[in-house]
Every structure is written in C-alpha cells, then in structure tokens.
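Shared between the two complexes below is subunit A, which has subunit B as its partner in the first and subunit C in the second.
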Partner chain A sequence: MASVGRILSHDIRQNIQNFKSLFGKDCRWLSSQAIETQAKSSKENADDKRKVDDRENTAPLEFRFKYPEFLPDPNAAYRNSTRERLERMDMMARRAHIDIPTFYVGSILAVTLSDSHAVGKTNRFVGICIERKGCGLRASFRLRNAIDKQGMEVVYNMYDPTIQKVECLRLEKRLDDKLLYLRDCPIEYSTFPFDMEPELIDETAPVRINTLKVPLKPPPWLERWERQDLKGVQEFEVNEKRRRKAEKHKTPWEEFDLMKIYRQTIPMEDQKDIFAEVYSDLHKLEITRRKMARKRKFNRPDKPT
Partner chain B sequence: MALCGSKINVMSRGFHTTPVAQEIRKMARLRVVDNSEIGKSAMLEGKPPRCIHVYNKRGVGFLGDKVLLAIKGEKKKAILVGLKQNQSPRIPKFDSNNVVLINDEGTPLGTRIHVPIPHILRTLLQEKTQTKGADYTKLLAIASRYV
Partner chain C sequence: MAGLLKSFANLQISCKFLHPRVEAITVPSRGRKHLNYWPRKRNPIWLTKQTRVQYNENLTADNARFIKEVVDTKYSNSELSLGIAGSLRTSPLKVEPIEPKAEWQPSYRRTGVIAKKIGIYPLWLKNGKRVFTTLLQVLDNHVVRYIPPEDYKPILFKRKHKNNPRQERLGCLVVGSDSCDPQKFTKEYCGLFTDSGVMPKRVLTRFRVSPEAALAPGTPLVAAHYKPGQIVDIRGKTIDRGFQGVCKRWGFKGGPASHGVTKTHRRPGNIGGGGEKGRVWPGTKMPGHMGNRMRIHKGAKILRINTKYNVLWIHGISIPGETNSFVSIYDTILPLRRLKESPSFPTYLPTADEPLPEELFCDELHPFTEPTIQFSEES
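Let's turn to the complex of A and B:
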C-alpha cells in the first residue's frame, strides 16, 4: 500500500488538476502536487536532463516513478531523516557496483544471484514483475513465472548483496499498480521463456504501456477481485451476493479526499530535496549505462563470411 | 436406491466440501508431483492425498519437512517440495503444495519429478539426512529442474 501511496495514481492527479484549475494555478495549499506534470512536454524533459551541466540539480519529475524506492514512507511514524539519508548513501553505493535498470510493474526481469544452495553457486530467475514494495534499502520486487506449467513467485530485495545482475528483458507497464491477479489467471498469461533476449528500446521514447486484458479463471479466487478496480482484467461475472457486497464496500468519495492523498504522498518539496541529493549520481550512472549498452552493441559486428 | 443415489452424487461432485488449509497441517490436501504409480492415479482420479501427520515438533509443515499421507486408502510418507505459503526473499513460493512420495529409507517411489523444485531443498534435505537413518538426498537426483 505504501508504494502505491507514495506516488499518486493517475486518476487522483487528474482530479487534483481539475480542482486546481478551479482555484487558479498558484495555490500553495496543494503544494504536494506537481502543477507542471502534464503540461510539461517530453521535449522540455529532455532539456531538463541537459541542464545537469548547469549544476541546477533539478531531477525530472518522472524520477518518482523511475526510482520510487528513494522516496521514504509517507507515514510520519516511520520517518527519520537521518536514517533516510544514510540509506540513500548506501543505496547509491550499491548502485555503483551493480546496474539496477529502470523497471515498472509489468516489466519482465531476469535476476542472477549467488546462491550457496545451487550447483554452480549462481541462480537465474526470469519473470514478470507483479509487485514493487518497500522504500529505502528494504525495497523489493516480486517476480512471477510458470515453469513446466507450475506457477511460482520469488521476492527479491533490490539492494540484496547476493544479487549479481538484474536485466530488464522487456520494459513496459501494465494497466494496474499490482498484477497479483495473475495468480488467478490461466497459466499462459504468466509464462515467460528463460532464454528471452533483452529487447532493444528507444530510451527517449515514453515507456510502452501494455493494454493486455487478461481473463480470470472462475472462482474460487485468492482475493475478492470484484471489489478492486482492476483495469487489466476482462469483464467477469460474480454471483448476486458478491456483487451486492462489492457495491456495499465501494468508497467512491476517497478519490476526492484531499487529506487522505496528503497523508499517502510525499510532498513535492520534499521529493525535490531527496532527488536533488541523488540526482547527479543517478544521472552519471544512467550515462555510463547508456555508454556500456552502446559499447556492447558496437562490439558485436557481423563477421563477413 | 437411496444409497445408490448418494453414491452417484458423491462420485460426480467435482469440488471439495472442506475449506482450503492455509498451511500444511493435518487434513491439508497436497499435490503429488512425481511419476509414481499410486501418486499419478490418485491425482488423475481427483482424489489428492491428505496430510495426516507432520514429522516435526510444530505440527505445521515447512519446505523439506516429512509428512505422512493418506493416499488411496494407504499410508505413505512424503517430502514437501514446494509450498503455497509466503517464503522469505529468494525462495520461490509455488501455486500449489507439492509433495514427492518416499519410502521409509528415503528412496522416492517415482523416477521423475515433473515440476521444478527449490534449490534450497538441497541444503535442507542434506541437513535432515542422518548417517544411519533415511537418506532424503536421493530425491534430489530425480528432480528435472531446480529454480
């Protein structure tokens, strides 16, 4: 829940935007929002990236979606600015050693880690990321795959020192924040081959959104999916009682609850401070990653036969 | 006549009337994943074995624990090789509760396991094997794939 809360869902943002347009643009009492988010074109974002030489240290706004684990828990009871800063230092130290690519829920990842139990002492798992959780050093993600028609899931801590390599084989988003419903879908929707090749992507283009709608198997289910507003699931029928109960438990007013949004998010000003601290380092890592990718591409010329 | 009717009714019923057990304890239904004769036929008939005893001191089975099963009217021992319950990071969580049938010496009844088994079982089963007791590591030799 925390990870969902830390970054606003698109709907909520839209609502706030509408709200703001009523009261004029310069309202400080809604300071936790980014007014420019949608107005800013991709061209301007690219300009932002170039500004790093000017030492402006302004991280682009998409960083909160790219690196959500740098944002602390919005619950004040779990906040401690010193610990958070120390954790960020540790995270950057770890990122200097291994390349953790940008990924989202719905991307397909391959994780290689040292495993003292395995035969060759290394273990590789490929799967679709169905959940991202936690903040700071405790950030983790859950991969799901089906091997020999047996569905399985593995949770990895992002900053686990045993991880040797994380590859993003297919960078894309799905329609939902969590894909836990794949557990109740036919197995072919969570089957991905282990020998998948990483796809070449245009880094300047916006991240592709996979609009696949998956069918659900008939109940019994693991969760009450009818009560969750799932966008990536085909239309499904539930019996009268479940439908009635789902109707009863609806909370349509929550999207207009400004205090709830405020409590679930990190204010914009705080986000800026946090990302200003790590922006230059992250940017440098991104540049080296791009360079390495280009090098790898260049080193594989086809031999004339 | 009534008896006959009830019998037909019971046989045609394609669902279980007991709730799903959240952990491996007595009466939990399991899935046999090896190719032993008895295990295969029990799964095909839609009569999955039930756990009737867990050989540890908690009474709740975890990865690598030995259990006693009631399968097709017989009692068989088995090892838990994949669990539905949440696991710690890096250990896979499966969509079903998988077991492999063994005999008293630890020799598996089948010759192949047709789903992947977790790597950590290699360590867990080695720890459980005593020099003069049953050798559970024989099970590892028939695994088709580790994950």
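Let's turn to the complex of A and C:
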C-alpha cells in the first residue's frame, strides 16, 4: 500500500514538474481538473479524453489562452454570477463594433484611438505587448516602444470605446509572461518601426514562440530581476549580496502548493460554462475576421518587378 | 454731568475686572456623535427571532420531498417560488396601490429598495472618460407591511425628532428581500409574511414614507423604481476590518522608515497638549475597531439600469459593504439634488402595453452597443 502511495505521489510530482513550465503568475486558465487528467492511469485518461472531445464541440480549450479576460477573478470574495454574465454581455456588445485580434505577450500591436484633445484626428501607437492584465471590462494591455531613443509605454483598456482599431502586426509569444525587463534592456530591443506591415500568418498553425534572449543593462535596475526566474534574459552577474538575498527569497515549494494553484484558478467546469455562453458569438467574429483577412490578402497588389 | 457719567462708566468697567470669576473651559464634544459612537440596534417589537437551530429532524426522503412540494405549491401559484435570481415576480394579491392614488409632490417621500452589491466594473462616458461603477441588484423586493403614521411608534426617537411634526407625519413601509426556504426560519418569523403572501425573506428593512406613497403588502419593487440620472443615498454596513492602527483607520502618515527611527513607524505620535488641556480630548483619532458599522453614502448617481436582471449601475466605488452584501437605497435627502421631476410614484408598476426597454442609460453614458466614440468639433 505504501509503495503504491509512493508511486502515486511520484507520479503526481512528475506531472507537476511538467506543469511547472506553464505555471506563471497569471494563471486563471489553469484548472484543477487539467492536472488530475494527467495524473490518472491510461484507461481513465482515454475516458477523460473523450470528455474533453465533447467539450471541444462547445468551446475549444485554447480559448482560455486566446481570451483570458473572459475568465473572472478567481478570488471567491469578488465573484457573482449575475455580474459576470452582465460583464460578458457588455464585452460581447463592444466586440461587435471592434475587431480585437488574438494576441499574446510578446506580440507587436498597433492601436488607433480617437483623441479628445485633437478633434477629428486619430492617435496611432505601435509597440510590443509587454503585459496583459485584468479581467472582464478592466482588461488592459501595455505596449512599449522607443521613440527618439526614449522608451515609451502606453496602457490601453481593451474595451475602451475610444479605441478605433487594434491590429496585430506580428503574432508571436516570448518566453516569459511579462516582458517588463525590457525597461532595463538596451533600447534597440524595444524599438519597432511605426510603418510596420502586418505579417500574414497561417491561422491554423500553432503560435510561433520567439526564443530571443535579451541582455540586461548593468544595475541599477527598476526591479530585482535576479529574484525572478526569467527565461528570456541572457545570463547576468550580480554582486555577492544580491545573489545571497535572491537565494534567501526563493520559494521553491510554491510550485508544489496544490492549494495555491487551486485558489488562483477558475475550475474547469466554470470555464466550460463561461465559454459556452460566448462561444457562438466569438466564433462568428473569428470567421468574419478570417474572411476580411483573406479579402485583404486578395486585394493586395503585386509588387512591381 | 457728562464727566460724572464717564467716571461712573469707568468704575463699572473696573468693577468687572475686580469681580471674581470662575475659570471655566468649555470642552467641545468634537466628533463624539459621529466619530466613535457605536450604534445600538433597536429592533421593532414585532420582529421575532429569525433563524432556528437546524437540528436533525430525521426526515425520510419521501417526507423531505413532500415538504418541498408543500412549499412549492404554497408559493408557486403567485409565481413567488424560488426562481432565477433577479426575475420579476408579480404580487399574489393582484392589488392596486392603496387608494386614492395621489400625484407626486416634492414634499412626498417614496419608499426605497434593498439591493445586493454584486461587484464593480468600469463604464465609459460619451466624452471618452472611464468611470468605475458599482452594480447593485434589486433582488426580489416585496412590500411586507405598511404601518400608518398614527400606529408607527418606534422604540426610541432621537430627541430632535421627538416633537418634529414632519417626522410624525411619515408612516413606515417594511420591505423584504432575498426569498428563502421557509424551513430555515422560525415559525413566528414566517408568520410575518402571511399578510403579504410572499415567501419569507432573509433581509427586512424599514423605510419612512409619506402616507400618499404607501404600498399594499405584496407589491413587488423593481430596479425601474428609479430612473437613470437620479441621485440616491445608499445605506449599508461597511467591511469589517477588525482592530486597526491609526495609519489604516484614520489615514495618518506614520513615521519615517529609516534615519535612526526605532519603533515609531506607524504610531500616532502626540495625542494631546499639556496644561489646562492635559488629557486626551474626546474624539481623538486613535487605534480601534474599524468597519462593520452602518454608513450612508449620499449623493450617488445612477448611470444605467437593467430591467431584466434588476441591476443599477451606481457611479463610484465607495458603496459600503463587501461584494454580495445587502444595502438599502432611497431617494437622496440632499437639498440641492433631491427629485425635481416626478418619479414613478408611488413605485414603478409594470404594465403589459408599454414594457420598458431592457437597458436604460443616463444621457452622458456611452452604451457598449453604440459604435466607437469619434470626437467632432461641436462636442
């Protein structure tokens, strides 16, 4: 019995190890069930797979990565089903008027918005998305670019009705959930031309991951990067004191804290209900977007040779 | 003669100086009434114990089913049985408001409603500004009883109200919210709802109303009782934060973090002077219990109303209480922002021929169903 238990616990630990790579700070899309399905035996796995397939008929599982803002705050003290439904209705009403493309942290976006201080004109900003935050109508993203060699960051609310257009110029992911360390990198790593052409991408292919590793400038830094487990940063040296303190502040047990993961996630059943509600509308919007993209592709004149 | 008078006056003044006087210092009771008093809860005498001990009654499955059936049949004919939250339930009595129906006048006071605070999220105005709004759901409100002014004798009036004819002219309307299974409550508590015929409610509140605004027991109150753009006052119990220090409780700045400071980072510092004032003055801001007391948020504006889910969007985030707690809403008493035009008086009664639209918006609010905001010259 004890040996079985040990094997099981070993199994679970291994699964957590696999799972670790996914584990970031903002992980509302994770679920208790996703872990369980991996930990079960092969026969049970097959059963679960069938269940998952059934779910895919309603809303694909990648929706939690594509539309993370539809998942509410997992803190039970802030949850209310009526409020969440009303919020989703408002979000869909806004999405009917503006095409918000799928994007991730690391994608390059261009945002056009009406400016109340320049009547009749628009304001366009291009930059790399370094952070995605908030859920529901509070959802926002932060764009960074360098203008005249000066780093600029703009936070946009995704459902702000003054936003006229959001374009995804380059759809890709980076190695980290937040790219705030670009503030302490040489400026060329956050410089993007304003006249960038949107790249044509295959919608069906998996999203490209940019494995670029950026160098950090020497300290002083804005944050203690040595304490954060950054993947998209080249090896860097810190002095003895900072290294010692970083060692002291490590919390390696947190990734095994199942209760913590549970508290930070929305249960799979809730996710299913949430996406079932908005799936048909989102799917329709996706189809129209794809059609528009194809049209644009067709209309583009060939380059004179 | 004049000189004589003058000297006499001088004598009087000098006499005043010579007259022995008692050295008295008046101590203002600054903030004693508002800052630290703990409001005593004075329930009306008719309010009985609400909940009973949920002991094990050893009910068989059949018995449990039978009880459920009885409850369902008792309250289902009037569409009052537990349904989806927020759905409109009509009165079992099919009664008209208490006759005669009077025209609204500015001096009349309408009833309020009980609402559940369900969360906070941003909306945008037509000028592109983002405002945070608190969502309050008017959860199956029904009038439970009406007490006319001559019968309304609360246990204790405040002294200033004792001989106030205006207060004595007002009656009292008991409103209930959040229907629950009657098995949760005591028999006596369920008896409070027999007159109105509504399902026993978890939350009861009294509202002072003019006799002209009285409603028959069983009348449902919905979110359309208000109109978008109206100003309301909201009364609720603030979040219980426990025993807190002065930095959190009163927003004191605390002391410096470093430069040789020891043990004085979040302390209040000096609490009074010396000499004649050598004591702690009443009302001094000190550490203590914070929150969990009734507070009124006055002058809040209603920006949007959903008539299907009975939700009010209130401008601002400082509505007392946690999410999923109950507050009571009533027309504001602020003199400059009181109702100027006639509201739905005495309350909104749904009519079949002209139903309200699902969403009602205030003028300056941008509905999400409208296209992107474009700023033009005239705006």
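In this text, the second predicted complex is superposed on the first by the 242 of 305 C-alpha atoms of A that agree within 3 Å, B and C clash if a C-alpha of one lies under 4 Å from a C-alpha of the other, contacts with A are read in each partner's own complex, and residues count from 1 in each chain.
One rule holds for everything that comes next: a contact is a pair of C-beta atoms (placed from the backbone, for glycine too) under 8 Å apart; a residue touches a chain by one contact, two chains touch by 3 or more.
As the structure is a prediction and not an experimental result, all values here were calculated from the model.
J.: Which partner does A:L137 reach: the first (subunit B), the second (subunit C), both, or neither?
T.: second
J.: Check the residue A:M152 against both partner chains and state whether it touches subunit B (first), subunit C (second), both, or neither.
T.: first
J.: Touch test for A:R183: subunit B only (first), subunit C only (second), both, or neither?
T.: first
J.: Tell me which partner A:A77 touches in the superposition: subunit B (first), subunit C (second), both or neither.
T.: second
J.: Any idea whether subunit B or subunit C touches more of subunit A?
T.: Comparing touch counts on subunit A for subunit B and subunit C gives C.
J.: Applying the document's definition of touch, where does A:D115 land relative to subunit B and subunit C: first, second, both, or neither?
T.: In the superposition, A:D115 touches subunit B and subunit C alike.
J.: In the overlaid three-chain picture, which partner chain does A:P193 touch, first (subunit B) or second (subunit C), both, or neither?
T.: neither
J.: Quick one: classify A:P267 as touching subunit B (first), subunit C (second), both or neither.
T.: It touches nothing on subunit B or subunit C.
J.: Kindly classify A:T162 by the partners it touches after superposition: subunit B alone (first), subunit C alone (second), both, or neither?
T.: Once the two structures are laid over each other on A, A:T162 reaches both partners.
J.: Would you check which partner chain A:H97 touches, where first means subunit B only, second means subunit C only, and both and neither mean what they say?
T.: second
J.: Which parts of subunit A are in contact with subunit B and also with subunit C?
T.: Shared contact residues on subunit A: 115-116, 119, 157, 160, 162.
J.: Note which residues of subunit B are touching subunit A in the complex, please.
T.: Those in contact with subunit A are residues 20, 33, 82, 87-96, 98, 114-116, 119-123, 144-147.
J.: Per the contact definition, I'd like the list of subunit C residues that touch subunit A in the complex.
T.: Those in contact with subunit A are residues 85-86, 118-119, 121-124, 127-128, 130, 135, 137, 306, 309, 311, 322-324, 366-377, 379.
J.: What part of subunit A is in contact with subunit B in the complex they form?
T.: Touch list, subunit A to subunit B: 113, 115-119, 123, 125, 140, 147-157, 160, 162, 183, 220.
J.: Touching subunit C in the complex: which residues of subunit A?
T.: Touch list, subunit A to subunit C: 77-80, 82-87, 90-91, 93-94, 96-98, 114-116, 119-120, 136-138, 157, 159-164.
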